[in-house]
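One chain, chain A, links the two complexes that follow: it is found with chain B in the first and with chain C in the second.
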Partner chain A sequence: MTEQEIITKVNNALVEEFELDPADMQPELSIYQDLGLDSLDTVDMVIVLEGTFNFKIREEAEIKKIRTLGDIHTFVQRKLSTEA
Partner chain B sequence: MNLWVYSLLLLITVVGIIMTPLLIAGFVITYSWNVARAVRHVIWLYGRLWLVIITPFVDFNRDGVADADIPHNCVFVINHLSFFDTYFMGSLPSSDITFAVRSWPFKMFWYLLFMRLAGYLEVEDLSWQQTLDRGIKILHAGGAVLFFPEGHRSRTGQLQRFYSGAFKMAVASGRPIVPLCIVGTDRLLPPGRKQLKPATVRLRVLPSVDSTAYGEDGGHLRLRKEIKAQMTQELELMRQLNTDKTGGDGAHE
Partner chain C sequence: MQLNRVVITGMGAISPYGSGVAELLSGLYQNRSAVRYCPEMLAIKGLRSLVAASVPDSVLEMAVQQIARKHRRSMSSMSIYAVLAAAEAMHQAGVGAIECESGQLGVILGSTLASSATTEEFFNDFARDHSLERMKTSLFFKIMNHSCAANIAQTFSIKGRILAPAAACATGSQSIGYGYEMIATGQQEMLLCGGADEHHPLTSATFDVMHAASTAYNDDAQHTPRPFSAQRDGMVCGEGSGVLLLESLSSALQRGANILGEVVGFATLTDSGNIANPDSAIMAECMQLALDNAHLTADQIGYVNAHATATEQGDIAESNAIAAVFGDKTPVSSLKGHLGHTLAASGALEAIATLDMQRSGKIVPTLHLTEIDSRCAPLNYVREADSDVDINEHRPIDFALKNSFALGGVNTSLVLGRYISD
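After this line comes the complex of A and B, so read on.
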């Protein structure tokens, strides 16, 4: 999967799950302040990403450091590359 | 209308604040309730008085509100259109309802003490685990927990994004979830307005949903989507009824 395909897949999954505006899916935006997610949504986000990419990430400490949409893209890309 | 409603609301609030200690003591002694349960009953009575006050100006229609239709210890979810939505919960058959709300209602100093005594869940102040633990305790003790899954009032009249907390609590507790749909309160008092207007308000209790069928990983997300779809469909029908009745005047402003 290319970098752009991963970004698109992440964005589509989050737009669908959290009813976000596709136009708001900019990597520099904070998932909390700008996209309006809360801490409980972060738990749901993990479930959604696990379902979308068929990996397990809920135990990973790096999840707690995610602040922006770009952080999610980078995290997923890194996770997929280590699993490849 | 505004003079009548706000004056009487102020009167019952002041009298209620003065009378509440006596009422709480009376309910605690009579029914062997704890203080929180007694305060929730007082708040419910306050809601019922509100329904009497607005009677001359609000045509209030209820559907599915019979006691037998609603499990007592359940998780309620309701759409949110107006500050006064909570007052209409006085029409529900059970008074043992704990509201799970954001922090702003706790800023109303005249209600603050009662909300604290009633054990309301301040979801922005508590951690999710604390909210979940307290909610499950309430549900297992026979009470109900009510959420506004949108988090705040809709300014368009349409359902907004649903947060997951209520659905997660229902699945974790194994208790049913009961969707409530309300329309017309955005005509009575929408966000950003202080003047009340006469309205037709409809409250419909939808059939309860068994949350134990959603126990798989992420099952609460499926439950959330299904309930939202059900509520969206029902609200559309209810809005149509209001529009037909008022000739368009009942629609969201």
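After this line comes the complex of A and C, so read on.
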């Protein structure tokens, strides 16, 4: 999967789950202040990403550092490359 | 102790007819049946009743625009119905953020069960491998017993009391009754009161296994259920939500609110003789206690809105109870032929209809009541043929009594009044 394919897949999953506007899926945007997610949403986000990419990430400490959409893209790319 | 008078300043409805009180009343006055054949219920093995009165899909589709995702994520369809009905009631009452944040506006609203559809969806997935790894955070909030009440409070930032009575088919009436008592004694100035339920095939199945659901009209859904009728064969499940905004008279006058009616009496008592079979004497006692609570006599009641769900035991017992208290002169009708049995919502939806009948003086008849079951007591049954009387003969009804009875032995009677200022 290319970097762009990963980004698209992440964005599509989050747009569908959280009813986001696809135009808002800019990597520099904060998932909290800009995209309006809260702590419950971030728990569900992990479940959605696990379902989308068929990996387990719930226990990974790095998740707690995620602030922007770009952080999610980077995290998923790194996770997939480690598993490859 | 001086009790406050309790008036109604807002009403909201999501019914099998669609969204809004106007839609509810229009369907009732036009004597339209909201019951439909539901082929999807064929998927349930052994289910004989294939009819239901469901809320049109457009209501949930519109809710995506009407309720923000942040709030909607914790709602099953019954909470969505309840929130939309509450919004309509608050809008009509002219209640907004100030009242919601005051702590003097609360919510009393319950359902029969938590969301069956949500529970089924979860357990279908869970049973695959008994894993919690796919369980989302919103699941619990959708199936809490107080999900509807909590979701209303969260959506509108309501800071007052929350109570979620669970008394099956009497839930809506019990909510209004407890709200009346809470405002009368000064614990809250305003309460959103009512009930909500969503239809699931297993709801119909619950009654089908007790031989209490309509099974003979699957090919003629628009002619069932038939309360009090010799041709009745059981109840039909419905869904929706009814909400009444109850308010102390002093608060309503102070705000200059339009007063739609008054709750003047309430009684609830338990029939502990049998968890399913109603006792006519206890039904009668409940109605009499409600009249006593209202300081009224039976001859002052101009209309009885019966619970009458079209079950043999329930209809006969209630008709005998009404006869014992009111005799055979007071007009009586049931709305179940129009709406099916909307379960926890029924007490509130039917109270809304009763209040409007009191205003208009036009009584909605019992649908499909062509031949009265000879085992039912002789009463002044209002039938479709009776509703063609000259409009000029309609006189407002000062007081009406509304019954709701539930499996589990919960009996309730509300006494509703037209508002008459001192």
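Basically, the second predicted complex is superposed on the first by the 84 of 84 C-alpha atoms of A that agree within 3 Å, B and C clash if a C-alpha of one lies under 4 Å from a C-alpha of the other, contacts with A are read in each partner's own complex, and residues count from 1 in each chain.
We adopt the following convention: a contact is a pair of C-beta atoms (placed from the backbone, for glycine too) under 8 Å apart; a residue touches a chain by one contact, two chains touch by 3 or more.
Here the structure is a predicted model, which means the values were calculated and not measured.
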> Which partner does A:Pro22 contact after superposing on A: first (chain B), second (chain C), both, neither?
Replying inline: neither
> Which of the two partners, first being chain B and second being chain C, lies in contact with A:Leu40: first, second, both, or neither?
Replying inline: both
> Is A:Gly51 touching the first partner chain B, the second partner chain C, both, or neither of them?
Replying inline: both
> Which chain A residues come up in both lists, the one for chain B and the one for chain C?
Replying inline: 18-19, 36, 38, 40, 43-44, 47, 51
> Quick one: in the complex, what on chain C touches chain A?
Replying inline: 64, 69-70, 73, 133-138
> Which part of chain B faces chain A closely enough to touch in the complex?
Replying inline: 128, 160-165, 168, 217-218, 221
>> List the residues on chain A that touch chain B in their complex, please.
In response: 17-19, 36, 38-41, 43-44, 47-48, 51
>> Show me the residue ranges of chain A that touch chain C in the complex, using the header's touch definition.
In response: 18-19, 36, 38, 40, 43-44, 47, 50-51, 56, 58
